[in-house]
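Worksheet: the structure to be examined is printed underneath.
For clarity, chains are labelled A, B, C and D in written order, and residue numbers in each chain start from 1.
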Amino acid sequence: MPNTNLTLNTFLLLSMISFTCDYIEGAHPLILKRLVETNMTQVEGYGEDPFCEAARDKIREATGCPSADVFFLVGGTQTNSTVIDAMLRRYEGVVAVETGHIAVHESGAVEFSGHKVITIPGHNGKMNPEDLRQYLHHFHADPTWPHMVYPGMVYISFPTEYGTIYTRDELSAIKAICDEYEIPLFIDGARLGYGLMSPAADINLRELAQLCDVFYIGGTKVGALCGEAVVFSRGNAPRQFFTIVKQHGALLAKGRLLGLQFDTLFTDELYFKIAQHAIDMAMELKRMFASKGFEFYIDSPTNQQFPILAKEQIDALEGKVLYEVWDTLPDGRYITRFATSWATPRENVELLAQML
Amino acid sequence: MPNTNLTLNTFLLLSMISFTCDYIEGAHPLILKRLVETNMTQVEGYGEDPFCEAARDKIREATGCPSADVFFLVGGTQTNSTVIDAMLRRYEGVVAVETGHIAVHESGAVEFSGHKVITIPGHNGKMNPEDLRQYLHHFHADPTWPHMVYPGMVYISFPTEYGTIYTRDELSAIKAICDEYEIPLFIDGARLGYGLMSPAADINLRELAQLCDVFYIGGTKVGALCGEAVVFSRGNAPRQFFTIVKQHGALLAKGRLLGLQFDTLFTDELYFKIAQHAIDMAMELKRMFASKGFEFYIDSPTNQQFPILAKEQIDALEGKVLYEVWDTLPDGRYITRFATSWATPRENVELLAQML
Amino acid sequence: MPNTNLTLNTFLLLSMISFTCDYIEGAHPLILKRLVETNMTQVEGYGEDPFCEAARDKIREATGCPSADVFFLVGGTQTNSTVIDAMLRRYEGVVAVETGHIAVHESGAVEFSGHKVITIPGHNGKMNPEDLRQYLHHFHADPTWPHMVYPGMVYISFPTEYGTIYTRDELSAIKAICDEYEIPLFIDGARLGYGLMSPAADINLRELAQLCDVFYIGGTKVGALCGEAVVFSRGNAPRQFFTIVKQHGALLAKGRLLGLQFDTLFTDELYFKIAQHAIDMAMELKRMFASKGFEFYIDSPTNQQFPILAKEQIDALEGKVLYEVWDTLPDGRYITRFATSWATPRENVELLAQML
Amino acid sequence: MPNTNLTLNTFLLLSMISFTCDYIEGAHPLILKRLVETNMTQVEGYGEDPFCEAARDKIREATGCPSADVFFLVGGTQTNSTVIDAMLRRYEGVVAVETGHIAVHESGAVEFSGHKVITIPGHNGKMNPEDLRQYLHHFHADPTWPHMVYPGMVYISFPTEYGTIYTRDELSAIKAICDEYEIPLFIDGARLGYGLMSPAADINLRELAQLCDVFYIGGTKVGALCGEAVVFSRGNAPRQFFTIVKQHGALLAKGRLLGLQFDTLFTDELYFKIAQHAIDMAMELKRMFASKGFEFYIDSPTNQQFPILAKEQIDALEGKVLYEVWDTLPDGRYITRFATSWATPRENVELLAQML
């Protein structure tokens, strides 16, 4: 590794094992291989290249949506704010749970585009269909509603920010409510692969694509250097979405970088295979923590695990393992997050087990 | 090349030589090499990784601005709208020439953030200091100015959209006017390398960094897959610029992708060397066109050349060479653009010469 | 009354007594008198007229803020969104309670300008200083805060949307927290007069002006046809606030209409006297309801009263009295709102008493 | 006149005659009379009152548009930015001439809502149909248009900022072009009455209403204290326009103030009669200047006249007459603006004549 400017902090990091998140490595090696192979091929910019075209076709096939409109954007916050702004009318807001990524961790990108994020309670990160129904019913029953922000769209994430996932029945219920009120359902799939490969998942990609109006297949956290594939399942992209993407600063000049990555991820089911690996590692981590008597803050069936650690354990891992501390409990213990990814080596889980 | 889904159009393209723009290839091979080498190194996200840190240091060194704030964004339009929105007060607009990229080809991204692009006449893409002075003088002399958009910043590009560049004296004059009116000067350097390496340039990177308040070093068009390095020369980044970048959807999760590319480009002067190659090819192209008696729409000293072609010549190149047709002249001839890049093979120039 | 186009609904309304809100009548007669007297006087537009100047002086005197910047805007929602957008930095949001007017009943006007309304729990419409402190502490302690919306300002209303008011101690506590975090405190005074004249108020206008950074004196609901007087207590108006007001569509061409109204309201303490009348009527209403055994949803000390009515009482008032029904209780009774104003005739209260 | 706080400046103004603009007096006396008469009538807020209803009916009658949607907003800039933002899609801009009010004198209110004002050349304030056609043709012929701001609407003013008006043929031509490109035509009628009553007008209100998609009838400058009546001629108001108006801070709580004024202005053709008076005075002014040998900057057929004055004449009027100086000519003479209004006394014109 030629870089001689690495800071001390990094040397520490390099010698430690890390579960801090699912974007600490680069890209799946097959992606890099193809980047190298195709590097000098001259292609059009802005997503009009054959790599993007091939990726679109493969995504249409994988989602079972032959008429889907597929666009490649660069990152999650960008995708959320662009899609939401494009789908909403000027005076509408988007409904999300209080812990939704757009409500908490996107620096107000949705509000920056002029729209309110209307929050309803979350349940381990999930939206309860009944809460949604009650909110919408209450809104429409309130005679002062024209003075309020009209709920023009529903946003959920799959899996959620807390690693939980929706069952097919839950998704169907939410979609049915959206249909009743004639508003679209948008699924943030920044970690979509990890949700679909979860042992708790009773839904596949094709079914999910049918149960919403627009969603995206997260690349950044599932094997790509960057990139999110937005899918308007029924060819229902807003008029001039290309221009809207550009207006939001979300159009990549060398669209090939995105197209080629998704083309690779959707060749030979690579996307699903590497997501499965992350899930396998997460379940091993979960079993390991459970077998040692740790409690969990949330019972997550995906690649994020939330064991509760005592001070001694925090101390024991100090300088050896990286992970996130989310909060403290009244009894002084810590809520932590350990994330696996397509790149997590099995030995890291084993090393961690030995330290606890 | 494993992709079997290439369209007919692409096969044509692959067998043709292309001068359509400076982002038709991937990245400089050294960048890909380092991406591969560092791929499994685990690092922090959001630009807090050692590659970004190293790149920042090297850019501070190369620009002669030891206290500069350096940020890495993904693309040009995104960078323009984020920097402009961050630097302007809420009620201010940005002054640009009529042909400025932000005024014409960014889908209204600046207006999307709430600011007017105030245009003054351009001269082959350049802003005339005297025009700027007159505009500002006239504005401040108008008693109704509080009802107008306050000019809070000046935007120029180096090189311009027409390939022209500013001399040191011109830049100094513009900067002096900005200082007089106490407004910042922002230089769009999407093609900065090609401007600095131009035989007509009488200014280097360090001098340019001193003659503005913020600028960016374009990566997308000069050897990178993506990425623009924003430099606030005097450590004058707006408060919480990081959050503003995120709010604008411009924060890359795997910041390493940007850091590593700029770290590579600013190691051993790679950025300048590859820009020099593009300039060499452009000058060869220019000489070739001139020697064959072609006129030019603009006398460009950088990597974009604008020869005027007659219908017969257009026909002669059909199916063999790709380039852009910008406009038609009253006499029926065509204004064309031939762009070279760090990746343009010398033989392509020679092949083109044989066809004309 | 010459208008012959009145609808049936209005005839009903005219023959009924109404407590629906505090803006159902026109303006205090003295205001109309002066509008008539000064009508043909030729003056400058846009608030540069002598009426505005006189009003500004009187407000500076009444608020005890000799260096205050005073601006006249037209309506409440407009004033809230303009002041908030002008005071906040681009990436900041405003903290309010969940029931705050800006959070609920302004059609997302704050978000329209790009800023998030960050909500914390309300207590009968009021912000608890301790809640604010905890929220701010928690925000700043969270290492991910640069990915969140920075709390750049605190918004409270006096009185609140539920008719409650803050004590001097509560206001002082909130202001101290704002000072600690170096963010301004903004008081929405759409019904300011009714708060200050409440028997529960232990604070006067001068004290209130010291305990915040900007507030407004509501005209629309306290005797004027329209108009809100924004007071930056310490001459701390944002740079070019005039232009910002225009940019937000909030600048009235005939500023005289606003200036003359506030000049009148702040001559001989008219503003306070008419607010006192509304409070007197509200207290009489309150005593009347209480004496008849009604419970209240909220114990309001201002001009909005919230008695709980049973179905029979709702029926009894049908077609005779107008008021608002806010919600139903689990036991089937109704939360209602009866509002008095500067214009409420005493006999209306007596008539209502006879019907219950 | 009871106000004792008038500044010296005002006393000067009171003793001078003023032609500075058309909003220096209050309202037509009939409006004040009716405000007084109806003052204590209790009505609904937010434009749901019988005065607004009556005014809407009369405007539907006067415009010959029985199914028109009519809304009352407070001021011109506010109306322009609200209507434009409501009619445009998110990525669209509005086409106007360079001297259009929205392009020059609204502090960027349109851009504040996220939309670009796309300017084409003006001709004495007017848009040339041929210029519009060429611009639209050129835009749609440019293959890079998806990277540009889509022209989604055309804005013109009648009369223009320079007092000129469109003929029926010119308006028809512009409307036909808009129809061809399927974009709406919006007419800013801040001074509509003065345009329709011009001796040069060959079009009436009903015809104008048919030749656009939305326009407004200016009240502020034609007899009202404030208020602009927006007319969507074919009942084509954007969905939830009421909410959009509120979101833009343009909804007046006491909508009665607007409704009653327009009800009065559209009773017995008051609006047209008082506009006719202003035109009569302007034509007298014009004849007077012409008879004394003055040249005009623009040959205006409406209430704004632009005589060119020499230094001696400027000096002669000093301290006696108020008017606007717009600019200086190369020969040292001044372009001035003298505006008449519904309130201009004939003797003021005669007094002015004596001074020149």
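Worth a mention:
In this section, a contact is a pair of C-beta atoms (placed from the backbone, for glycine too) under 8 Å apart; a residue touches a chain by one contact, two chains touch by 3 or more.
The structure displayed is predicted, hence computed values, not measured ones.
Of the two chain pairs considered here, C-D and A-C, the higher C-beta contact count falls to C-D. Mostly identical positions are employed by chain A and chain B in their mutual contact, as over half of the interface residue numbers are shared between these two copies.
With centres defined as mean CA coordinates, chain C is found 42 Å away from chain A.
With each centre defined as the average position of its C-alpha atoms, the distance from chain C to chain D rounds to 32 Å. Across the assembly, chain D contributes residues 91, 106-108, 112-114, 146-147, 243-244, 246-247 that each touch 2 or more other chains. On chain C, the positions that touch chain A within their shared complex are 91, 93, 104-108, 111-117, 144, 146-149.
Residues 1-3, 5-7, 9-10, 13-14, 18, 20-21, 23-27, 29, 32, 34-45, 49-51, 53-54, 57-58, 74-79, 81-82, 106-109, 112-113, 220-221, 225-226, 243-244, 246-254, 256-257, 263, 322, 343 of chain D are the ones touching chain C in the complex. Against chain D, in their complex, chain A makes its touches with residues 85-86, 89-91, 114, 146-147, 150, 239-240, 242-244, 246-247.
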